[in-house]
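As written, the chain order gives the labels A, B and C, with residue 1 at the start of each chain.
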Amino acid sequence: MPELSTAAPGAVKTATGGQILSVKNLEAWYGESHILHGINFDVNAGEVVTLLGRNGAGKTTTLKSIMGMIGKRTGSVRFNSEELIRTTSDRIARLGVAFCPEERGIFASLDVRENLLLPPVVRAGGLTLDQIFDLFPNLKERLASQGTKLSGGEQQMLAIARILRTGASFLMLDEPTEGLAPVIIQQIGHTIARLKREGFTILLVEQNFRFASTVADRYYIVEHGKVIDGFANSELSANMDKLHTYLGV
Amino acid sequence: MQALYAQLLVGLINGSFYALLSLGLAVIFGMLNIINFAHGALYMMGAFCAYFLLNLGGLGYWWALLIAPIAVGIFGMILERTLLQWLAGLDHLYGLLLTFGIALIVQGVFQNYFGSSGLPYAIPDYPKIAGFNGLQGGMNLGFMFLPVYRGWVVVFSLVVCLATWFLIERTRLGAYLRAATENPTLVRAFGINVPRMITLTYGLGVGLAALAGVLSAPINQVRPLMGADLIIVVFAVVVIGGMGSIMGSIITGFALGVVEGLTKYFYPEASNTVVFVLMVLVLLVKPTGLTGRAA
Amino acid sequence: MTAMTDNALQASPRAMRDEMVVFGLMAVLLAIVPWTGIYPFFVMQALCFALLACAFNLLIGYGGLLSFGHAMFLGTAGYCSAHALKVWGLSPELGILTGTAAAALLGVVTGYISIRRQGIYFSMITLALSQLLYFIYLQAPFTHGEDGIQGIPQGYLFGVFNLANATTLYYVILAGFLCGFLLIFRTINSPFGEVLKSIRENEQRATSLGYKTDQYKLLAFILSGTLAGLAGALKVFVAQNASLTDVHWSMSGEIVLMTLVGGLGTIFGPVVGAFVIIAMQQYLASFGQWVTVIQGVIFVACVLTFRRGVVGEIAHYFRLSL
């Protein structure tokens, strides 16, 4: 694969630059039910950070709260020192935050091309269509297909591809490997590694710990709506036992 | 035969109005999850807007065709911002009740000032090109005499319907609209101002209704209750056609107009009821409607 | 979809007791009306509409089905009763029976058609069906079109009670209203009513529990239509005419409005709502078309700020079941 010609916009060229995201005492509610009880963590520019935790721990809600997609939330979410806690999701997106949902969110009434072009470009420097097709050659052949006619793996690629166009430098990917075949998981792993090289900052939610360990710089453990632990990839082997207890595997 | 063709033409004209109105209802329902009971009242406002423009502002039909949909569309957007937006998260039926209330208010106010009788609105007599006297008069097609204005209404409505279809199904703006109909939260998280889109969509649907009102003014006169009975027929059209498909709404609208026209020729007593009877038959045979998804 | 009504419906012994007390109070109050100097015609009219609204409420409040065509039952029963009394010369009890039976039959047919769709479509279908009937009655010879059926003889109920006497008629109407009301009350608190409520809350779950939900909805629809018909038949004796007004969509809208004002899904709400709206129409009659505007404003205000309705708000405030 040829290298991408442009680096991610606004990307800090060093592998771990300054703090790009800082989440403090984040609480969130779905209607009456209190889901997040005070989430604290940071992400530095250029890092891949993974949130680990069991089902229902609050990982997805954390991403959606950062994105402004949860109605009631309190605490502080600072992105490039801008406070997002009262900002609507469309404005957060325009600040350069992009979200790829767990259910992928491919639109059935749009064809692949329309799905791909749907998110508006929020700043200069996003990937061009050619660069995207270079990453995901399958998509190019299926541009005219209905979005939901794609295979699960292709839908996941489409879901990631469309947020690379927008110029957002901070990507949140919610379980990108869920339900996919090993060979496709590998391809997504390569993609994430390559995006990291290009300077993108990535916040990942994963159940698949083995996959996460191939791409992540740091981990945070989420349990009952709180971050209860965190460590770097280099400390992984030392934390293995703890991790098994946390994740119940 | 002349009479049959004449009734078919009347049917096509009514079909144009059914298509324009049910199209607007479908677009609004997709984005707002509201069945807009006020649609008939806003159609009426379109016709009155044309009447006011002519009698107060001296602006004729062609101006009305442009200004009335915009003016009523803006009125609709104000309604959406001030009233309808508070319905988010409530049962769909509250939308029906709220817009019914709006329809009563609008119709009541107009009835209070203009009674129930019709106000005349003339067919425009300009521009005079190529022997045409505006849209007045008619032409002999050999098998029938075609009043120019009636032909114009059918053709123009068809063009507007197809343009709307193109806008929604083939443009980038339409892709936003379709996507937001499916998953507004995600579309908003892509950086699109969905609340503003919802307001504009309501304005678009309402504008289509107002346009139909202007087109109808020279044929049916301008009456405060002109939309009250029409909206109920359009509801039946929507039940028959379903609201899942834009093209489905257009085709169903025109087709039912034609069926109504044919009924007027062959069995005039049933012309008021034929659409409702067809609705019953469709419900018995295919309860989800001809093109619709289950709802 | 979330349930339409904000009013919680819990059947408990205490709730039943509260409701019985209020029912007794209501019956006593209504029974002494002829001695209070209140214009009985007004109360009779309100009682007919109260029964009508209660019948409508059975569908929306307990079945989650918003009928926008309940005027068709009112009008059909009215025309049939009027025709039976005036043309066939039947006695009042048979006249009432004819009208109510006609409404029941109409309920079977229209219910079979309309319950095929839910939610918003159900409302549009019932509205369209009632408009269909409106045009039929407009053209049918026996309804006398725009004139309606006028000068209907009131006669002697069971050959004994002279319905031309305002007080006698009042008690007959009151008896009819209370019977209908109790039947609805009984239905709501029966196993049948419980199943209806569960369908309203979650139809899929009710289906998966083995209930044939369509049959329950159809039965509720027929019962509602029949009782609305009873209201229409009784109204013939009060108004002594039957006209197109009673089949018009605006009448269906008024029925919805009454129930909304009183409180969707409350037992006594429709009664309160009917009295409020009928009183308003009496007092504001001189304002002409502004009455329509005011009704529209009430619709908007109720939906935006007052969804529980009068009785629903009171019940909520005092934590009662009403």
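Keep in mind that, in the parts below, a contact is a pair of C-beta atoms (placed from the backbone, for glycine too) under 8 Å apart; a residue touches a chain by one contact, two chains touch by 3 or more.
Everything numeric here is computed off the predicted structure, so don't read it as measured data.
J.: For subunit A and subunit B, which third chains touch each of them?
T.: Chains that touch both subunit A and subunit B, as defined above, do not exist here.
J.: Looking at C-alpha means, what's the farthest chain from subunit A?
T.: The chain farthest from subunit A, judged by C-alpha centres, is C.
J.: Name the two chains that are joined by the greatest number of C-beta pairs in contact.
T.: B-C
J.: Using only alpha carbons, which chain's centroid is the nearest to the whole structure's centroid?
T.: B
J.: Can you work out the whole-Å distance between the CA centroids of subunit A and subunit B?
T.: Here the centre of subunit B sits 44 Å away from the centre of subunit A.
J.: Please tell me the distance, in whole Å, between the geometric centres of subunit B and subunit C computed from their C-alpha atoms.
T.: 33
J.: How many angstrom lie between the CA centroids of subunit A and subunit C, rounded to a whole number?
T.: Result: the chain centres lie 56 Å from each other.
J.: For subunit B, which residues are shared contacts with two or more other chains?
T.: none
J.: Could you please specify the touching residues of subunit B with respect to subunit C in the complex?
T.: 29, 35, 83, 86-87, 89-98, 100-109, 111-112, 228-229, 232-233, 235-236, 238-239, 269, 272-273, 276-277, 279-280, 283-284, 287-288, 295
J.: Please output the residues of subunit B touching subunit A within their complex, sorted ascending.
T.: 172, 175-176, 178-179, 181-183, 185-194
J.: Can you name the residues of subunit A that touch subunit B in the complex?
T.: Spelled out, the residues of subunit A in touch with subunit B are 67-69, 88-94, 98-99, 101, 105, 107-110, 114, 117-120, 122, 163, 166.
J.: In their complex, what parts of subunit C are in touch with subunit B?
T.: 1-4, 66, 68, 113-114, 116-121, 123-125, 127-129, 131-132, 135-136, 138-139, 249, 253, 256, 260, 288-293, 295-300, 302-304, 307
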